[in-house]
Every structure is written in C-alpha cells, then in structure tokens.
Amino acid sequence: MSSRLSVVVVGAGYWGPNLARNFRASPDWDLAAICDLDLERAQRVADAVGGVRVTSSLDDVLADPTVDAIAIATPARTHHPITMAALEAGKHVIVEKPLADESARGIEMVERAHERGLVLMTDHTFCYTPAVLKIRELIADGYLGDILFIDSVRINLGLIQPDVDVFWDLAPHDLSIMDFVLPGGLEVATVAAHGADPLGAGKSCVGYLTMPLTGGAIAHVHVNWLSPTKVRQMVIGGTKRTLVWDDLNPQQRVSVYDRGVDLTQVSKVTTADARDANISYRLGDTWAPALPEREALANVAAEFAAAIRERREARTSGRSGLRVLSVLEASSASLAAQGAPASVDLISLNERMTS
Amino acid sequence: MSSRLSVVVVGAGYWGPNLARNFRASPDWDLAAICDLDLERAQRVADAVGGVRVTSSLDDVLADPTVDAIAIATPARTHHPITMAALEAGKHVIVEKPLADESARGIEMVERAHERGLVLMTDHTFCYTPAVLKIRELIADGYLGDILFIDSVRINLGLIQPDVDVFWDLAPHDLSIMDFVLPGGLEVATVAAHGADPLGAGKSCVGYLTMPLTGGAIAHVHVNWLSPTKVRQMVIGGTKRTLVWDDLNPQQRVSVYDRGVDLTQVSKVTTADARDANISYRLGDTWAPALPEREALANVAAEFAAAIRERREARTSGRSGLRVLSVLEASSASLAAQGAPASVDLISLNERMTS
Amino acid sequence: MSSRLSVVVVGAGYWGPNLARNFRASPDWDLAAICDLDLERAQRVADAVGGVRVTSSLDDVLADPTVDAIAIATPARTHHPITMAALEAGKHVIVEKPLADESARGIEMVERAHERGLVLMTDHTFCYTPAVLKIRELIADGYLGDILFIDSVRINLGLIQPDVDVFWDLAPHDLSIMDFVLPGGLEVATVAAHGADPLGAGKSCVGYLTMPLTGGAIAHVHVNWLSPTKVRQMVIGGTKRTLVWDDLNPQQRVSVYDRGVDLTQVSKVTTADARDANISYRLGDTWAPALPEREALANVAAEFAAAIRERREARTSGRSGLRVLSVLEASSASLAAQGAPASVDLISLNERMTS
Amino acid sequence: MSSRLSVVVVGAGYWGPNLARNFRASPDWDLAAICDLDLERAQRVADAVGGVRVTSSLDDVLADPTVDAIAIATPARTHHPITMAALEAGKHVIVEKPLADESARGIEMVERAHERGLVLMTDHTFCYTPAVLKIRELIADGYLGDILFIDSVRINLGLIQPDVDVFWDLAPHDLSIMDFVLPGGLEVATVAAHGADPLGAGKSCVGYLTMPLTGGAIAHVHVNWLSPTKVRQMVIGGTKRTLVWDDLNPQQRVSVYDRGVDLTQVSKVTTADARDANISYRLGDTWAPALPEREALANVAAEFAAAIRERREARTSGRSGLRVLSVLEASSASLAAQGAPASVDLISLNERMTS
C-alpha cells in the first residue's frame, strides 16, 4: 500500500469524535489535526484519540500542503462554504449528511469537485454496515434479478426534533441506502409525501414517501416518531429473489427468499387470459448470509482513501448526497401540495456531468 | 330468548357452506334452506350440515312468509338485484363483501333497507374475530385516547387475481376493520393510492393507500401480493396508548403499549420553543389482553339476529360496506391520476340518512 | 403401481376417523370397512368418508381373505391382543402409539411379525411431517456431520391427563422423532428422568429426560404442562452444521446453521494446551429449506403400503415403537429412583432379531 | 446522605476497570486508588477514569485507615487470602464471582466477615440488572404465588474455556439469579448434573442441572457452548402467574402471564377422580412491566454502600456466593457419578450462622 494520506477533522461536536477515532485507527490515514472554533472542545477530542494537534484556524489547515483531505462534521448550513474553500485549496472532502442545506448549493459543491478532479464524498455511514454492503453486492451480482419494489420501515418512539420533521430526520437513512444498493442509484422522477401531525407539534411526526422507479417498480418509505415499537426493516423484491433486511435481528439480519411470482410474458399482445395462464409461483429455500463484524465508519475511512487513490468517485459520492437532498426537497414540496406527487429535478445534473 | 329466526343461504359456492354451517350451529337461527341455481351443489352443502331443504328458486324463497332473512353469497354483480328483491319482499339481508359492484348501486340498497326498516348487514367477517372485537371495545372505552394514526400491513405471496388488483383483493379487510374500530367509522374525505405493476400483470400487485383522518390523524394501508413473507399487522396510535395487532402471533395477538409522546398544548400562540418544552415521553408497561376463542362467523350470525331483534343497524351495516366500497372506488380514481388524492363522496349519504 | 391394498380401520374413537379419511384418500389403499364394537360410532365415521361397510366383528375382518391389513386405533391395552390375532391371521398391522402398554408385550408383537414376515408399523405420525422427513434426510446425507447433541423442548399449558404423567403424554413425540432421524435410531443404554409435581396432581407435570448417546453425544427432552407459552423446538447439533426445528414458526420451521466449533484432534496424547490451540469457530450462512405442504397421515398411509410391497420394515417399525416404549419405562424407573439413571434393556432384542 | 465511603479496587485486569469506572461515578463512593502488582496496568485504569492514585502494595492499602472497603477483581485462587487479610484489617469487601476457588475457603471468608461484623458482598452483577431486580420484587410481593418451577436456558456459540467446563463458565449466572429471586435463596439439598463432551474437548461443553426445590418444585439449567443460536431465557412458574424473562428481547424482556393450571386440593385423601375434577385453567392477560435503564454495576456500587451503612448483609452476600459455589461443587460431583444426584452441603452453615 502507498503511504498514508493526511486528514483533518473539522468540527468537534457530536459526530467529529467518531470520525477522529476511525481515521486514527485506519491504516490508510494519518489524523493530522482536529479543527474547531472551540479549542477546548477540540482538545477533548484530541485527548480521547491519544493526542493530536488542535487548531481553531480553518485557513491554516487549508494552507497546509501536507494535508490531503478534510472531514467536515459541522452544522449543515456551513457545509457549503467550508467545502468550497477546501476544494479551492485542492483538498479532498468528506462531509456529513446532509450534503448541504439546499440542493442548489449541493450542486455547486458537486460541480466544483468534478471540475477540480477532487473526491467529494458524503458520509452515508449506514451504507457501510456489513448488511448494506452485502445487499449492494447481491443486487449488483444480479442475485435478486430486476428490482420490483423496495419497502422500508423506520419507526420508533423518537425524539421530536426541534428543527426538522420526521422526513428530514429519518428518511435520509432509507434514501441513502436505496441510492447505494440500487444499480442505477435513486433516480426517481417524482415523489409523493404524505405526513401527519396529529399531536400539533408543528411538523410531520408520521410520514410516508412513495417513489415510482423505472420499469414499473416502486419504492416506499414509512417513517414514524410515534410508534411504541421499534422497526428497522427493508424488503427488496426482485424478479429472481426477495431480500428482507431486519436490522434489529442480530441473529439473522439479512434473509434472501427464493420465493415469488413468475410471469412469463409471451408477447405484447397477450390477452388477459393468456397472462393469467403464465403466472407461476416459486416456493424455494431461504438463505441468510453470514455477515462480518466491522464498524461502518472504518469502512467509510477506507472507501474515502480508496476513492482518492483510485481517482474515482466514492461509492457514496457528493452526487448521491445530492440525490438524497433532492428527494427530500421534493418531498417537502409534495407535502405542501397535500400529497400530490412532486418532481425531483436532478436528472439534468447527472446528464450534464457524465457527458 | 325469543324464538329462532329463519334464514335461507343463497349461493352454494365458496363462502355459502361456511354461512350454512354457522347458521345451522347458531342458537339464534333456523337454517331453512340452501338456494342455488345448481341444485346438486346446493345438495352437497345441505348434506354437509346434516340435511336441509334445497331449492333453485329465489322467488319461492322470497315468497315464503316463514323466512325472515336471506344470506347472500353469490357473485358481486348479483348482490344488487337479489338484495333489492329480498328487501322488496320484506326480508332482512346479510350480503357478502363487497356490498355491491359499484357504490351507486350500494347506495340504492342502503336507502331501500332504510326506508323499509329492514336490516342490511355486510358480512365483514374479520371484524368479528375476538382480536378485532377487543380492539373496537378498547377504543370505544377511550383506552387509547384520540386516534393519531392507523398503519396496516397485509402482505403475502398472494395469488394474483384475474379480475381485481391488489387493492380490491386485500384492502377491503383493512378498510372494513378501520371502519369497525374507529369511533366515527371510516369517514375519510380523500384517499391517495400508489400502485405498482412491476411484473406487467396488467394490474397493481403492490399498493399503498393514504387517508387523512379528522384531527390531523392519518390512516395508511400497505397491500402486497409479491412479498415472500407474510405480515398481517395493524398499529393504532392514540394519545394515551398505542395498540399493535399482530394476527400471526397467536401467543400475543393484541399488545397495548403505554408508551408514547405527550404534548401539552398550553396555548394556540405557543412558540416553537415553548412547544419543544412541552414534549414528554411515557415509557410504561405493555399489556396483552386474553382473547376468547370463538369463530368469527358465529359472532356474525349472532350480530345479524341481534340487529333484527333490537331493530337497529348491524355493527357492520350496509353503510359500512358502502364506505369501504367508496374508498376503494376513490382509490382507483387516485391510481388513475398517478397518485393525486381523490375525493370520497359519501359524506352526503350519511348526512341524508341520519337526518 | 400394483393394485390397491385393502385395509380395515379398527376403532372409531378419537384417531380412527383420521386414519379412515387418509386411507380413503390414498391411491395405495382401499378402505374396506370400519370396525368398532359400537356400530353407531363406526357408522358415523363411515358416513364422514362417504360411505363404507361397518362391522362390529373383528373375527369377521380377520377371516376375510381380501383384507390385507388392519389399522388399530383402540385403547393401548388392547393393542397386544388385536395385533397378535391379526398377525396370526396373516394381516399386516399399523398400530397407534404406544405400541403396547408394556414393553414385554411389545417385544412379543415385534417378534411375531418378524417370524411371520408381516409388516408391523407404529403410527408415529409426527415423523411424517415435511419438516421431520427433511431433517431425517439431511442427517442421513451427512449434512450435519456426526450428531453432538439433541435438545427438544415441548412445553405448553397442557391438559393434565388423568391416567399418565407428562413424560408418557408428551415425550413419545420427542423420542419417536429422535428415533426416526438419528442414523442408528434411539439406541440409548440409560436414561435419567427428573420430574416435579409442584401442584400435588399426583404425577409429574414438569419433566426432563437425559440420555447419553454414543460417541459422547447427549439427548435431552423438556416436557411441561404448566408453561403459559407454547414451545415446540428441537436443536440438533452436528460436527458440520446445526439444525433448529421450530415447529411454531411456519415461515421458517427448519433452519440449518453453518456455525459451530471445530476441534482438530491431532493425536490421542494431545495435551490440554494443544487442544486449545486446535479449537476454531465457523460463522457461516444460515439456510432454511423449503418444505412441501402435505398432511403427515397421507405419508403414513403411503409408507405402510410401500413397506408391504417392498417387503421391508416400515420407517417407523414396531421396533421403533418398542424403543420409545422402553425409554419411557426406563424413565419411570429413574423417576422412582429420584433421578438416578436407569438402564434401557432393548439392545439385546435388536441383536437377536438382526442376527 | 452521609459522607462518601472510600474504596480501593484491587486488580486491574478484565473486570477491574468496570468496577473503577462505576465507583468513580457513584455518589456513594470515593475511588481512593487502583492496586495491582503491575503498576503500568493500574495506571491505564487510573487514567481511563480521569486520574486516581495507583499502588502495587496491598499492605499499604489495608494499613490505610481512611480506606473503608476494597473491591477484589483478581484471579479466583487469590480471593481467599486477599479477603481474609482485608477483613483482618477491618475493611468491607466486595469480591468477584466465584467467591473462592473452593467452598471450604468460602466458608472461612463468610464466617470471618460475620464475626468481624463486616460486609462481604459477592459481585453477582447480573442480579442488579433492571429485569432481575423487577423479577425479585414481583416474587417477593407474592405476585407469582408459590414457585412451581424455574427453567433457565443460557446457550450460545461460546468460547470453550481452557480451565473450566460449561457448568462453571455459564451456570453461575443462572444460579446466582435463582438465589437472588427465590424468597429463601437457592436452598437446594441435591443437584443432578448431566454433561456431554461430544467434541473431545476434555470437559463438558453441553450441560444440564436439575435441582429439586422445596414443596415439590424444581429448578433446571441448560448451558451450552455449541448452540449456533443465542438464547438467554428464564421461565418462572408460580401458582398465581408465570414469568418469562427473555433477555435478548429488548422490547419485552419480562412478560408475566396470568395463565396457568389451578388445582384445588380438597383433602389429602382425595381420590384420583376428585383430583381431576378440581383442575381448572386460567387464560388471563399478559403484562410486561416497563423497566428503567440503569447499568447493573451502578446498582452494585449503591447496594455495597447501603449494606455497609445499614449494617446488614448485601443482597448478594458472601453466603449467596457460597451457595452458588456449593451447587457448582455438587454438580461436579454428580457429573463424576454419571448424573446420580449429589448432596449440597451448605444447609448447616446457614443454620450455624443465623443461630
């Protein structure tokens, strides 16, 4: 392996310590410093990882030619200015979700990274859990066949957030995972959002998202702060097999069912009767792959390094962060329109950038 | 108890034998005859219950003054003419779901029964299971408080029906149960339906229904023919407690959680900050009521008799069948409009009839 | 297939109707008659299967040269005389469990059938469920490797039987299944039984059986009438894989875990340290085979016919019934001796008969 | 509250850091020092809790008049000499389980503490989890009625220990919990142990313990290192209700079933028939109490302080550690005798000390 890369963690609040700890433990990285306006807070994080330089000056960090990358764990509204400055200074960037506080700024960030040939990665941590990595691999290998539906439930007695509704609080997890495992990413044209605020909390506490996928498939997300039971489950139906991910069942998180409906389409002019005749049912085995035990953030650190070294996009790129952000924005628009489906305006960006 | 009532079962196909068996075993009823155009089929049903008269003439049945009621288990399109003739002849009627093949006809049936002072009951069998009866009772007693949300999941590897989509096949169960347990019935103004036909079966095989309820609450139904796992679960969140009905867990079908979010609304001009300050969380006990073992159809027969004797509407009245039908029709309209919410036009009927 | 065999069901009480129904539906069998001293009861069973001859004379049945076999569903104490008479008359016999009311009589029955070249089958119905058939097949194919332990739990709020304790009521199921799936059958030399009668019911209501198996393995059974929860679970640990059969989980009754401990035994003089060095752990996949849907008694009827035609022992032979009986008798002896292990004296029989 | 007590943690290996952290955080305690022959190891523990004195001299610790108590987390064979020296020096003692490496030494420790009026507590940590504390409370309040049976299962793919068998590794948990929740403690006269070493590991890897309790009740423990699935479950049947503790179900760890068998004993000369007539079945509700979230070791620290201040035995006293030790020793004796029940010789001690 080539020599280590050098990273500075910017932001020593809630998530920064986790990033610091994992970069410190990574064989790919040297943790060069912790940067926070509150030097005392930075020092506590530095101590916890066994000692590292602290600074309150982002300018100094960006001016330091030995620093390869920065990891941003600051409030969402600061993601854009810090990222733009870092890219300007030639640094690779990994940024906490959400990528930015609005998609227009996210687009700027993505385009700038693209122009400068730098890696801009979104820290969708959950995508790097062993279960989700395995799901992505199975789908990519064609093990499920074409995707027919994705249904995700993330409900719990949750803290009602002061600044965001249940969609912005919980759905980023489901959406970023869908973006990660679907072969083409979460390329949706419209989203319908239905929310409820039955307690009068001033924001949705129960929510449903529906997104048509290509080929007649559908994705659906149920998020709920008011459920007394905790559910973290995703069902991914495919033409060949169907996968159920139950994150709260440590003894069998991922199950693959070789059961389903087969429909043999003989011709496009098939009549209704012929159609029925061509339906058959498979009732095969169930299989649950063994999953390695590895902390997701260790995988995040490794992926960030690999993307830089291989001069490629990270698997959770800035563009994936942008797709998630765009769906959330469209959800808010749909919600404001009483559930009428709203357009997700991101297709153009991808076309522009891949051309 | 007064003397027994006399009933004729019309239709000896799939469901008729179950009706015949339960009327036969009921202390409230005399099973007078089985009526079917196919006399041989009628005879088989008659034999199975230990012998009873058979006939192929509905006219004779309706002309018989000793017959108090008929139970209709014929195809949906015949529900309207048979019911209208029976009401004309002064017979009480219980009819298989759906009440009729379209709501306009259903309205006629309901209005005619109303005018004639006869009982028109819809056989929403599932409402009479011990679990659903207990849920209705708990809600009516205020045990859950005001309803905040109802989320129902009914998924399974299901037979793709030749004539109906997944909404019309499965959602009637969820909708009739919601109508049964909600204090005011399923009085929804709009419904949004999102469906998917990813196999090209010519109809939705995966579907989601969303219905705003009064007071900011929400109801949601997930039906799916393509799921390899079977789920029959309904969560009913209330201001006081939340109930989970898991019909596939015979050891604990109904659980009531004394956990939830409390929001003390001090005033209408409360600021966002004040609001947050007034959120609190309850983490109380869970309780699972013991449920008696009794076949739902036995309860149906008893309720039909009781409604007749007490000269009242049945708990699953013609109007409840009509509400379910209207929501399904609106669902189809929403589906045709790519998920834009569609109006449910039934409020007027209820107003007209209760005035 | 050769022409059908002819069978008479003797005993029209609790189990006889099930036998009659399955022999009637079997392509292998002609149900010739129902025989019961109570002719009225016999007639009811005959009617239920669509009509068949009834008789109260066992002598007539046995004298009838067209009858190939009889199926005995009478009280346990009558199994011996009826079976002996039937074998004398040259009839094949299938007999309800227990084979006899005491093993000495069971031995006579087994030896007589052996001498006359007739099939004597014990109706261990549970062995013919799709799950148990699959377990037997997997073990026979070496899929689990050598068996290390079998742990069976069968607990439930059960009816306290007037005449037998919890061992004789429930353990025959576990023991007959173990006998069925273990490659060499349930060849145990001793059994220790621990029971408790904490309610003062006059017999054990909670019980545990422990049986050393060959090669250092162990079998254990927990039966309990006082448990408020219902458990029907068997774990079979093998050197290669471990199987869990959870009969109350219809979605995944049989799971095979490719996890376990491997111990490489280099030599017999290995020291403790060397031993530790040779322990390793496998953490592989889980696999749940699809199981066909078929009533167990249909398989019983088919096996009985096949054993007769192929002139071989049935898979649940008289000898297997005898092994179960012998373990139960030894259990009672151990129980009387406050749990001191008691000998099971059956090895000799098998040696005698196979020589 | 009175002023804080002063404690020194002796032993900085596996468990010592946990003790140090919890004494440090306790409002009842001042953590005075960490004592270990390996000063470097002691220093690491001291640093982790934010700095505290370290020493390698137990003599100095015991000579220090400001030290009230010591917490011993050293290997089992050193528990006796360290405890005896500490008691001699007038210090209260909490000691890791097992209390000692053999019961004869444990008796000396218990008697010495008794004579000197000092608290000798065994750190049965699991007893102080919220679930077990609740179970103890429910039983003490008579909520379950008289205990009929206790069945504990603790199975897992476990590390095969180099020095102890599966009984000594896992059963101390079950036994100490039984001792904690049973009103009279684990007062058993005999124990039967059945073990298996099917892999040739040189010690039992699968084991069963059976202990008759007073009044015809029974306790049973199943421990297993070879199970691919993890189970941590205890069922406690009582005359009034039955409790199931499933430690791996965080959403419902403790369930209380109001179901069971009632037996009305009219007289001692009741005949079998009369007995049957007096059996009835309750099928009542299930109830799952909410459990607080609190680390067990924090409760341990609080109990140790309370016992000292209130001059009483700790709830997990030296005697309870001794009872567990005695049962384990008797288990080994039973194992050596091929499962014949072995006597537990501790009753005398309790009689001697309470007199």
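Labels A, B, C and D are assigned to the chains in the order they are written; within every chain, residues are numbered from 1.
Here is the rule we go by: contacts are C-beta pairs under 8 Å (C-beta built on N, C-alpha and C of every residue); 3 or more make two chains touch, one makes a residue touch a chain.
Since the structure is predicted, the reported quantities are computational estimates derived from the model, not experimental observations.
When the partners of subunit A are compared with those of subunit B, the chains appearing in both lists are C, D.
The chain with its C-alpha centre at the largest distance from the centre of subunit C is A.
The interface with the greater number of C-beta contacts, when B-C is set against C-D, is C-D. Our note on geometry: subunit A versus subunit C, Cα centroid distance of 54 Å, whole angstroms. Annotation: 45 Å between the Cα-based centres of subunit B and subunit C. Remark: subunit C and subunit D have CA centroids separated by 41 Å (rounded to whole angstrom). In subunit B, the positions touching at least two other chains are 229, 259, 283.
Of all residues in subunit B, only 252, 258-259, 283-290 touch subunit D in the complex they form. Put simply, subunit C touches subunit D in their complex at residues 146-149, 151, 157, 160, 162, 192, 194-202, 205-206, 208, 210, 212, 215-218, 220, 222, 224-229, 235, 237, 239, 242, 244, 257, 259-261, 263, 265, 272, 275-276, 279, 281, 283, 338-341. Put simply, subunit D touches subunit A in their complex at residues 229-230, 251.
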